[in-house]
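Here is the structure we will look at.
A, B, C and D are the chain letters, set down in written order, and residue numbers restart from 1 in every chain.
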Amino acid sequence: MQIGFIGLGAMGAAIAMNLVEDGHKVHVFNRSLARTEPLRKAGATVAESPAQAAYLADVVFTMVADDAALTSVTFGEMGILAGLKPGALHISLSTIGVATAQDFTVLHREAGLGFVSAPVFGRPDAAAARKLFIMAAGTDEHLSVAVPLLQQMGQSVGIVGADPSQANLVKLIGNFMLSVIIETLGEACAVAAKAGIDPMGFVELLTSSNFNAPPYKIYGPMIASQRFQPAGFALPLGQKDNRLMLAAAEALGVPLPLASLVHDRFLAVRSQGIGAEHDWSAFALCALTEAGLRKQV
Amino acid sequence: MQIGFIGLGAMGAAIAMNLVEDGHKVHVFNRSLARTEPLRKAGATVAESPAQAAYLADVVFTMVADDAALTSVTFGEMGILAGLKPGALHISLSTIGVATAQDFTVLHREAGLGFVSAPVFGRPDAAAARKLFIMAAGTDEHLSVAVPLLQQMGQSVGIVGADPSQANLVKLIGNFMLSVIIETLGEACAVAAKAGIDPMGFVELLTSSNFNAPPYKIYGPMIASQRFQPAGFALPLGQKDNRLMLAAAEALGVPLPLASLVHDRFLAVRSQGIGAEHDWSAFALCALTEAGLRKQV
Amino acid sequence: MQIGFIGLGAMGAAIAMNLVEDGHKVHVFNRSLARTEPLRKAGATVAESPAQAAYLADVVFTMVADDAALTSVTFGEMGILAGLKPGALHISLSTIGVATAQDFTVLHREAGLGFVSAPVFGRPDAAAARKLFIMAAGTDEHLSVAVPLLQQMGQSVGIVGADPSQANLVKLIGNFMLSVIIETLGEACAVAAKAGIDPMGFVELLTSSNFNAPPYKIYGPMIASQRFQPAGFALPLGQKDNRLMLAAAEALGVPLPLASLVHDRFLAVRSQGIGAEHDWSAFALCALTEAGLRKQV
Amino acid sequence: MQIGFIGLGAMGAAIAMNLVEDGHKVHVFNRSLARTEPLRKAGATVAESPAQAAYLADVVFTMVADDAALTSVTFGEMGILAGLKPGALHISLSTIGVATAQDFTVLHREAGLGFVSAPVFGRPDAAAARKLFIMAAGTDEHLSVAVPLLQQMGQSVGIVGADPSQANLVKLIGNFMLSVIIETLGEACAVAAKAGIDPMGFVELLTSSNFNAPPYKIYGPMIASQRFQPAGFALPLGQKDNRLMLAAAEALGVPLPLASLVHDRFLAVRSQGIGAEHDWSAFALCALTEAGLRKQV
């Protein structure tokens, strides 16, 4: 299949490489040319604009940083819509806001194009190993094209609904749930530490019992040791997703006290010098600081 | 081994039965005699007081409802201490407060007796199937007696520390972490439902991906369907443990905003007619009610 | 002085009338013509556009509903900037966001015009009686023109700083502080009522002692009696100001847990059928509902 | 009238002195004898025990630190009840818990004695100047004796109800409302300061407008300047009252999210080295710290 792929960050590059390996004709575009080189060597074509990457494609994937970037590569000058042929499909893998996804759905339909949202759970190593969890939403017609491709990229593809923005919402909820686990571990480690229980051993005990899901195992040791570098998922990105979650919930009329708490934690930790070079789980420092346990950094 | 066992609720009865099956001489006591019958048939001796159950024992287990009950069966008239021989060991399986456990440790030591706290994670079916997760704390000398017995009761025994109350604290933290999962699921289901995503399908998607730990799988469907009966763990017991967690954290000087939120949730849901006949996860109704989604009950 | 006045809602009409009474030549504009009639009778000129109202003016006041309305009457077609002469001054009385005020400051400066923010505290009857509290900010040059006019409108004019947006921030903080009083009264009345203390008598006791500031006296009886109509300040407007406060605080990097709580209260009460016809203090119903005290409406 | 007076802290000494000045026969008791000296010089009798101070009295006042102290001077060896004649009246001025007041009511009735709760709002200088606000509750019979005496002590006496504990509840609610003002001012000053507005000037602006009640004027400058010494009301006492408020609300089934937030603030600020030598308004440091604004102390 002819496939366009826009956005070769750590996640996008890993996924695009898998598509090349699967034998698809992949046309990649990335703002910085350097990141296209490994894909060119593996057999992908390097395009000079999103429009060019989309020109021959039946399906274009996008994996970019945020709503603004997605809007720019899609509707901007020499964007995807300037190149995509009628009836082709745009599959957005990015974590974006619900309102943006709703706008995209309408604008693609009006342009005679398909749109599927398929945000992913997992880090770059999971992307490379095809271990992502993917949530997809779109019309049956568009999903019939998208799902077989997505199944090659991850260990499971969940179908959320017919409205693409629903998949974006579920992704935001997922990140919201992760953020609550981070806060929980911060508070739990603070109590344990002040009772003289070694936090690392404590986390080991918990994740060997009922709390054996991956997020507890990933974030527990980071929080217990207060080591938040290198950043698996940078703090400002987590903060952005919290903002998108609160905006989506507000539009739906749902109060989320847990998300409000996390919102305040992000602001507090950033005012204390934690930023883009730290993993988002660093906001657990708030709970530790309040208990008088913050290590010198 | 000669073993006393005090408290034959659903959990205690299942554990005591396993001890009988393992070939120990078990002397049981329960306030209501009816519950002793199956154990008597299986070969246990039925005592008329905690003291009598403890009289011949090398080790006495207790599994009772709360701090007051444990204090009564231990230090009350014809309590365990009135019967236990010097050097014997009391293993407390109950979920009790940290301060109570600290008092018990001192009082047993002064009486020349051993004391180990070994609270358990799991429901009665897990107890019967020897699948409990057990957290134990006590001196090495006492743990050397207790751990082999505990290992017969569950799938893992984590050693928390030398101070028995530390195991009680870890148990309370565990229940605190479960309560946060309940609140999280309430808020998440509220958002999903208002976006037109079927909550049951939504929970299925989440627990098939990153959130695959048992608590998400147990509480997710209850909350998505707003069905909180029968009660696996009754709401007032969960509220009691929240209170014990807040008291322990206060004594340690640790603010727990998540536990404070859950505290307020319990009060709110009880003021709206939810009580002892409901599972503790019913406090997730608060998030659903605030979103205008509460079903008629 | 030649004065333009844009926006004749209840507040604007009362203020404009006072300017007419003070002997100024006032040129008014309002979207709906009907509201201009009393001012025309009193001697004001009725303009057909903001530009026309601004044409002869040394100073133009604006008192409109929100950021979008202010942007429209200022920069829109036939807006203020299309009419105002070089060196003239725009005094914005509206409650708007901090970022909007910052944009306005720059755009007026670039257009060779002055800009002062002077949001007001008080309800329409206070405006008519020249009892408003006014917070003003702008350069000394612009304040030297604005302050004498503002002093005619209210009982005090506080100078916040040289940056107009600072006055808007102080206004938002003021409304934030009012919102916390509303929540406080909701929780306090809930406790009193459940202890068998009549809430109206309770509010009377409090506002006769330490809590004798106007907001307690205004909102206390409304909340104690659960009567939120007619709306002195409509709930959606209060919700909007809460949103503007949170946005301003986020831009400054300040977590505001109290504003986050109020944010969640607004969402909850709106999901339960409370809306534009209710006073914003109606979100105190959340605390009363959680205590099982909500009256049937 | 023959009056006993137990507890000569700063508040009690000032009130007792006024009673002496009013011409009553006052029998004082204080644990530390030194503090009785000024009263002895003014004409009071110094008793060697609460019982002795109560022996001749028609009315005994108590003004002590907490529930435990009140229980001890009342029911302890040589306590008030050991001395008081049948039909005499005990008026408790202390801020105590609701459950304690309920117990006291029953125990006095059973002993054939009267009991009135009359907690006071105000600091020692207000007590000396007879400017206290007093909340009283008790049966009509007992209030008919108490109120004329209380009216000599303050500027107003509010009658809360027939159950003495209701006055204690209103006092706790009053302190709860003060604590929310403290938190509000902390958050408000944090926003203002980060926007370049001088916090002292900002507080001056606010308290000159709508927020002109005494608590804003007292706590505003302390918080704006981050000066919390000397302590007008020591932090641990404020924390104790927060605890009593939460306990009373829990018993009544009322969630108080604002009190829960303040509870967490107290714990956080104490873990950071703030304690008995600081005014309770020092917990506003939490909001300032989270915004990165904490001054070095």
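Note that in this section contacts are C-beta pairs under 8 Å (C-beta built on N, C-alpha and C of every residue); 3 or more make two chains touch, one makes a residue touch a chain.
Note that this is a predicted model, so its numbers are computed, not measured.
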{"item": "Proportion of interface numbers common to chain B and chain C (over half same, under half different)", "value": "same"}
{"item": "Chain whose average C-alpha position is farthest from chain D's own", "value": "A"}
{"item": "For chain A paired with chain B, centre-to-centre distance based on mean C-alpha positions, whole Å", "value": "37"}
{"item": "Interchain centroid distance [CA atoms averaged], chain A/chain D, Å", "value": "54"}
{"item": "Multi-partner residues of chain B (each touching 2 or more other chains)", "value": "249, 253-257, 261, 264, 267-268, 271, 290-292"}
{"item": "In the complex, chain D residues that touch chain C", "value": "98, 121, 133, 135, 156, 158, 160-161, 163, 165-166, 169-170, 173-174, 176-178, 180, 183-184, 187-188, 190-192, 194-197, 202, 205-206, 208-216, 248-249, 252-259, 261, 287, 290-292"}
{"item": "Complex contact set, residues of chain A against chain D", "value": "264, 267-268, 271-273, 286, 290-292"}
{"item": "Residue ranges of chain B in contact with chain D within the complex", "value": "249-250, 253-257, 260-261, 263-265, 267-268, 270-271"}
